[in-house]
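Listed next: structures, encoded as structure tokens.
Shared between the two complexes below is chain A, which has chain B as its partner in the first and chain C in the second.
Right, the complex of A and B next:
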């Protein structure tokens, strides 16, 4: 590591420390911080749910980081794919009577094929173009997904009643059952994808293409096929994320945008194209969001603001993120 | 480009201005507001083009300036009782200041990182406008005192459009514009040639912030009601980018053509297919970006229908 690299890492660490301290400072100012057992219980609950939530965020952010890492395309429709996953799960639950987790067996192959088709028809032409082209193409695609969904399902909020119970850890700390289940599934899927990327031939080909597409091509890697599989995988991860989000929160066609920006924040915090970085970034963001919504007045709106501000500051201090390479 | 060609272009602009100035009595209220919004999108696309087309920094959050202008105008008119015309100057000043303050750090980022940072900044500003009750009335929005104003706003927008076209044209044909193009093509090489890239980028960014702010102010006074989701609407940014791209970004005529075509098409589909028009719009974005990344102007040049110098 160069010295400037180390220095920017320290600065990033300082920024994150400030980011975590700030909600407490604001909460203290407005008298939302207490020292009794009950409040500490709340705090622990928020942090634990944040970690659980972060696992799910991280999983769908990995999809974004894959596309960005391999093809240098910013997929502005990623959140919309997450939302699509939530609706697919809803259909499976209410129309086919499938358990939301069992439904993954059906929805993931569908999502993979959707990703492959998307790559074939649209994204192949965008690889290597200036970033605006990719942004606009995927944004347009996102609009199509949103409004087609709206046409079919209307803008009503939907929820999937699944595992509504809570898991009680101590007398004051309790987290939702659905959160724990989602976390376990997300960790399992993330670990599976990680092993696939690390160990299988195809996974190695994907990583090689991400490092340098031209050299990969010279080495005989079928780069276009790698692109197909990457987008398919990314779409599947997004849809899986949607399924896991859908059993915890309500959703409507407009919710996708927030997920897109969350995923951006996560991959920038973690380092673009970096797998483990995305997982760390996901957990860090979710914990911060939990703290903000607990401590800061007007928390729900501030959660979004916190995420965007964090993203911009990380970009300014260290565009490569926590684990990333220096290239911007 | 020769002097006579400049004169010809100026003359064409003068004729356009004159025709549009004489038009309002012949138009009904709907057509007048249609013309006004078309002119507004010409302004937006042209200003976006100064930073993103000429300089190559894709501003994916340019709606910030439009929204700030709308709010500056609405707050001063509704809460402080100003006449609306001077508020437009305030809007321009505020937007330029925000442009410099935001651009100074963010313009150091390159390529996709700049685009993402701007997108995040735009969403962040929208949240601030929603939360800051004391200044912006929060999510309730601001209603402006109502008066019949469609003629006044029409002429204001016309004036703004002519100024924007003139400025964009001047930038496009000056040393300033050539230096911006040099930054777009190769920033390191441009700096090696002695161009102060930071200062030039910042100037281009501030310049491209001013006109959308004034347009936002006029629009607020035309529509008489603004709230955060409507003036910090991400699709306004998309429209700026798409219009420039459709016409041909990095040129002067391109964004004008793109804005007129796209806004007309949008209006027609909206009137005829109220439910499906947004799906069609999304598909249209995909198709334009997929098949015509260099726009109509690039398309025409490739086929030898136009000379490069003629359309810039």
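Right, the complex of A and C next:
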């Protein structure tokens, strides 16, 4: 590591310390911080929920960062693919009577094929074009997905009543069953993808293409096929994320944009093209949102303000994000 | 001689044009008048607004079967504002200036109505709002907007009354950060003050919030015994689910718009039980006894396979009012219709319409509780079908 790189890490650490201490300071000022067991229980619940939520956020972000890392395409339709996953799961649950987690066996291959087709028909044309072209194309694609979904499913909000129970960790701390299940599955899938990229031959080919597509091509890597697999994988990750979202929250065709924004914030925090960074970024974002909401008066209305302010400062101090390096 | 004939001809033509001018409706082919508006058919308001669209379509078919408005066939021109304020403003400009609709329909939600009210005010075209209940809209001296529904400030009146009845002393008021929920919250705070109940937390959240874990913990940490939640559909569903998942017990939970929608109880299953909701109107002709109610409910149910909710009832009532006003005005002249809307006193399937100087109707709503999957009126007492079952049982005992 260069010295300037190390220095920016220190500065980032100081910034994060301030960012997480600030809600406590404000809460303390307004008398919302207490030292008794009950209040610490509330605090712990919020932090634990944040970590659980962060794991799921991270999985969206991994898909987004994968496409960007390999093809330099900013996929603005990523959240819409997450939403699509939620609807696929809904159909499996209500029409086919499948358990939402079991349904992954069916939905993930479908999503992978969707990704491959998308790459073949649309994205191949924009690989290597200026980044704005890819952004515009995927933005349009997102709108198409939204309106097709509206045509089929209308704009009614839907939820999947699955695992509504609670998991009691201690006397004062309880979290939702669906949250714990989602977290475990999200981390398992993300870890699987990580290991696949690190260890398998194909995964290495993907990483090589991400580093330099031309050199990879010279070395005999079938770059076009790598692109197909990458988009397929990213779509599968998004759809898996959608399945996990669908068992926790309500959704309608327009909820996708929220997830796109979240995924963007996470990869900016964690570092573009970095998989462990995405996990850390996801947890950082979710925990900060929880703390602001719990501690600051009327803080729930300021959650997004806090998240994007943090994002701006991270960009100023360390443009590559927490785990990222400077762009070559 | 020929010049003189030309002059006469021109004179006749000008007179004819001048005569035809104000009665714009006559310009259209087939003796049609256009009823136009932009209502959210997609986006976060699509759920309640969709029911209004149903009621509007039903009324248009009925009025045409009756021979139309002043002998003109009514043609409906409905646009979609995507639940977005800016889109709504643009669409109303288009409806008024380009499409030249004859009669305006109102949009849905207080926020959008507030913005659109500036547009129709500028072009002096009146409408009766059925999807906006926030009184600030009517406190800016506007002359072309009228209202049929009860004010937002009274939505939680019944809930506060019921909370007092079961001895709640500490109350939390949470709500979506937009015009209507904030007005409901303001009213709830005043009712709580009058009832001597302390409001220990008053907090808003962004419209797209899905995770309420931290907010619910905050409510509990503030020591609240009951929650008044000024929420729409998705947020109230999420709050109840998460309350149950986090095992947080409250004596009472009262929402505004969500529980009134038919699929609320469907989506939540028994988590929806004991929840209080507010309704402008319920399809209960035996209880409310408004004229024409029975017929409206039957034809709505026949066409849309569900009973109308209060959103549908309000839109239908507003159109009955509009019809009465046009009849009274005897023309499609906007000034005359405005005058009629301001002075009219008429009974509709939704209740009585008689506005005050601001243009607001003194409509009375009701509070219901979801019991065994059904909405049962619990307040005011004169309409109560059953006694409220409060406090809500603990989650662990359900």
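Details
Note that in this section the second predicted complex is superposed on the first by the 319 of 328 C-alpha atoms of A that agree within 3 Å, B and C clash if a C-alpha of one lies under 4 Å from a C-alpha of the other, contacts with A are read in each partner's own complex, and residues count from 1 in each chain.
In this section, a contact is a pair of C-beta atoms (placed from the backbone, for glycine too) under 8 Å apart; a residue touches a chain by one contact, two chains touch by 3 or more.
Bear in mind the structure is a predicted one, so any value in this text is a computation, not a measurement.
Shared-chain residue A:301: touches chain B and chain C both. With both structures placed on the common chain, the touch criterion links A:88 to neither chain B nor chain C. Judged by the touch definition given at the top, the superposed model places A:45 against chain C, while chain B stays out of reach. When both complexes are overlaid on chain A, the residue A:319 reaches chain B alone and has no touch with chain C. When both complexes are overlaid on chain A, the residue A:263 reaches neither chain B nor chain C.
With both structures placed on the common chain, the touch criterion links A:311 to chain B but leaves chain C unconnected.
Where the contact sets of chain A with chain B and with chain C meet, they give residues 298, 301, 304. Of all residues in chain B, only 52, 56, 58, 60, 105-106, 108-113, 115-117, 119-121, 123-124, 127-128, 130-131, 234-235, 238, 241-242, 245, 249, 275-276, 278-279, 281-286, 288-291, 293 touch chain A in the complex they form. By the touch criterion stated above, chain C contacts chain A in their complex at residues 41-44, 46-47, 50, 174, 177, 202-206, 208-211, 213-215, 217-218, 220-221, 233-234, 237-238, 241-242, 244-247, 263, 267-269, 271, 395. Across the complex, chain A meets chain B through its residues 68, 72, 74, 122, 125-126, 129-133, 135-137, 139-148, 151, 257, 261, 264-265, 268, 298, 301-302, 304-305, 308-309, 311-312, 315-316, 319, 328. Residues 32, 34, 38-39, 42-43, 45-46, 49-50, 53, 150, 154-159, 161, 164-166, 168, 174-179, 249-250, 252-255, 258, 289-294, 297-301, 303-304 of chain A are the ones touching chain C in the complex.
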